[in-house]
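The same chain A turns up in both complexes below, where it pairs with chain B and then with chain C.
And then the complex of A and B:
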């Protein structure tokens, strides 16, 4: 409550200044905006760190005006569907990945974010330059370690849950992994390589993963190993075809049947009668 | 010494004629409601036989009563390890077939049947499903069926006999049966109370009557399997278990329980006993064959000054002590030593005692002349038709000695009466029999009077209950009087 009230006051102030002297170059960007950017934008964007899924945002205001940017940020899909030429170009560059519409993102906040980007772009080295992973070649050890992390054989240092709980990849054997999240076998190629995947892993932006990993981020060597593993699966494996779910259903029913038969055997005397047996035996 | 008062009973089996009047009296008062059709709080069994429910004495099947490791008692029916896997279904209870499917008859058939060559009959209808059924068993299905190849043969007490004796019990002109009327024993160490997960069962402090609180019962049916005498029953209509309440509303108004009151053979005696509850943990773990004597030790002499003193200290009212001094049960169990508890090896310490039957002696029939000569008639109890070890299994916890003592004393009394009334037994014979039976002339006379001549007031010494005083403490007696009576104040229902 306190925060949102503060937030509203700040936004109101920004709006007022923005209306009077746009583009405002306020140096004191609020902590809230920074956190929001960190949590929601950095998995696809850097500021001066090169392209991930989305474009590098350094100097983005020189490419498009703040007003256009704010409108786009609030609802990217609408702008793209509206047939805006630049937005369609962005979509093409992102290999048809459409920037998600983030919850709770108002026009005010979007304006604020644009201001933040302006401020950060002006710096020599932005704090949002992105995860600086080593560029060393990925080894077999990395793949093995990543696989262990994926399966939960080795715990993730921060205490985050293992990937297999919600995702499956080709080659995890048996029933594979969970089916809550998408198949990750070819995620390496889907996200276009090492850097965007690493960025995703460092701060997963999806609605399901974010609350889990916000407080339990992966360390940089874990990210690298995971990238190595997912790269290996993308090169060798194929996504599990759809009949996996059906097999799981059948196996589940078979398992339930086995358990019921087992119960019936263990408690087979539960309906024993005394009298009827006496009568039968005497015949 | 922790002296408590307990209402106890004696059934004199030689006097029981197996007329089931007690059962019917009980049913008419208490169990003629839906869901209680199959309940026989009082039933009369033919022994040897499997009883009701079928083979209730077979604790391998029903797991009733207590078991001991020599140090502590534990319930056979349940325990920490057993309760979880059996939480939804207790396998150790009688099925409906082991009781019987209650039925009535389709009487309309008698009047509405179309004209035909055959006499119309009333077909039996299940009282549970309403469908026509073939009646296969009933609460006294083996009534009078001594020697039955199904029921008598499977009497669990037969295991105590030698193969020859068993053969004898099953052979024509040698077979034998007697009746065993049974009600709740209102045990001193009730397994049903101990087993209840809801704490619905309790033993009344003032008189030891064991009751089920219908508002607390949650239909676990633990008591049904824990009671080794199978005298708690589950009411399928209300979802509560019920059992004999020893007609406490009658007792509290100074009347004998209905089954006692209606008994044609006057076999039933009722009175209170004083006992030492402190002894229970110690004697509960004794070997089976010592239990009868141990239970008698636990029952205290109500004339003993020390006992009276301890009773007073425990808050037992003067009137209850006086009533204990006149109790016919005390005479039968302690003074005469001829009344025995049923299956005391279940270690619940039943407070219903049986005087074992002498049974008719052997008679033979030749050329249409029935011959039971004097030698056989008053020969020896060992020559009686039912083997002593059968009674030992039923009433002695495997100890034939206590049964032999009880039978010999009754035998001696019979000789004394024969000497006094008919005169064909000499005084010497009678005296010898008395000496052998550890009996005196006075005691023989007392046993004779109590067995044959005692009136209702002598057979049932009902202790004063002081209900007025108890009620006065809680509420206005006039108000209370208007709010009680037979039946339920608030009917037991599922879910409360």
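And then the complex of A and C:
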């Protein structure tokens, strides 16, 4: 088939325009939006990787319009409390867990997040398909390694702090784990299993952990071992928030008493006044 | 939140500027007011059991905070073995309780000894209230939100360094519990108030006492009115 010169020119123009337009579409999604999604959304959602705590977001705009989605993302609780039927259905599917309202998330950013989901949904394999963890059975070695990561015996490769600093897990012993964050003994069952817990550990979304772990993420084998350890505690332990707190208080008071006795001994020759001694001696 | 930014991104700078400017200015204008104006001569028995535990306690606790700020990795390394973490935390709690006990004794002594009460100023009482808030909230944080030695190194230290590098990142401290926030905010209010009070003696112990002119503290019956400096 012969293509006329005009036709060839038109075809070239279309191809060039198309080639220029494609990266322009990709560039619409800013790195800031991608990083926000990575830090705040991937612990509960995948795009094409199946359900975690929240639904798989692939093709979500086919289920609800972008405007509805952006409104919901900004303040899920408000939409749910407003009685929206679809939002209530999402809540039921998440076993009554309500998606948190993220501070600083504006309608504009929520709209950009929806655009990112559209772009990623169109890909055969999204970069947010989720952590590709091994499906192999978890072993006793995994549990032991996870326990060592929890209590700091084995350092987390990225330099992230050990979990014991903020979290209690049944069986910690001594004065127990930290009391800044929640007890993690049954977190495996609370988050409903291996995959959601792994996603959580890969990108902790809590506001306290996020700034620390954004630059110090856990590696895949560390996530798997932590999952193994927390699965074992969920199966054999029970949450004991406040474990060791009383013993800790007693130890602190005993330590203070010992130091006070030490002060008295160190300064036993201190000046105590002369009058009382003279009065005593005169009797 | 705006309030978090004001408290953790602005207040620390305001406090440090006040601290530096007023400290220097006060020293230039009123050198001999750099003293705690000891009241040991007026009452000595309770003084030992209040002053000694308080001062050694708070110095050790402040030293611990300083190490956490300067060498956070060393603290996390020490805490990598649970018994060492427990030992450090129990020692910190002991010193905190010692500080609280000493400070309570200091306040009781000020209230119960009429001679000491007479030489106490409004600024002294404000200092005691702020110090009480500081040390009591510190002990409560240690008890209810352990293990502070670990999470101070991973949350508070990066925030403090972000302040030092003039790029405040409040995301590390904004989500912390209310009690921790109270402890942090009160610390900076205390730093801001520091140069206006008897706390300036912290800056001259013990070095300046070694070479400056002798100072004899004699309290007049007027008490607080005589506090422009010893004579």
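Just so we're on the same page, the second predicted complex is superposed on the first by the 217 of 283 C-alpha atoms of A that agree within 3 Å, B and C clash if a C-alpha of one lies under 4 Å from a C-alpha of the other, contacts with A are read in each partner's own complex, and residues count from 1 in each chain.
Rule of thumb we're sticking to: a contact is a pair of C-beta atoms (placed from the backbone, for glycine too) under 8 Å apart; a residue touches a chain by one contact, two chains touch by 3 or more.
The shown structure was predicted, so the numbers you read here are calculated from the model rather than taken from an experiment.
Once the two complexes are laid over each other on the shared chain, residue contacts for A:278 go to chain B alone; chain C is not touched. In the superposition on chain A, contact is made by A:165 with chain C only, not with chain B.
More residues of chain A are touched by C (comparison of chain B with chain C). Of the two partner chains placed by superposition, A:265 touches none, neither chain B nor chain C.
Of the two partner chains, neither chain B nor chain C is touched by A:85.
Touching of chain A by both chain B and chain C, each in its own complex, is seen for residues 267, 270-273.
By the touch rule above, chain A contacts chain B in their complex via residues 266-267, 269-276, 278-279, 282.
Within the complex formed with chain C, the chain A residues making contact are 103, 151-153, 155, 159-162, 164-166, 172-175, 177-180, 206-208, 210-212, 245, 248-249, 251-256, 258-260, 263, 267, 270-273. Contacts from chain B toward chain A in the complex involve residues 50, 53-55, 58, 61, 85, 89, 91, 94-95, 97-98, 136-137, 149-151, 153-154. Touching chain A in their complex are the following residues of chain C: 1, 44-45, 48, 52-53, 56, 73, 76, 79-83, 85-86, 89-91, 93-98, 101, 142-147, 149-151, 153-155, 158, 169, 171-172, 174-177.
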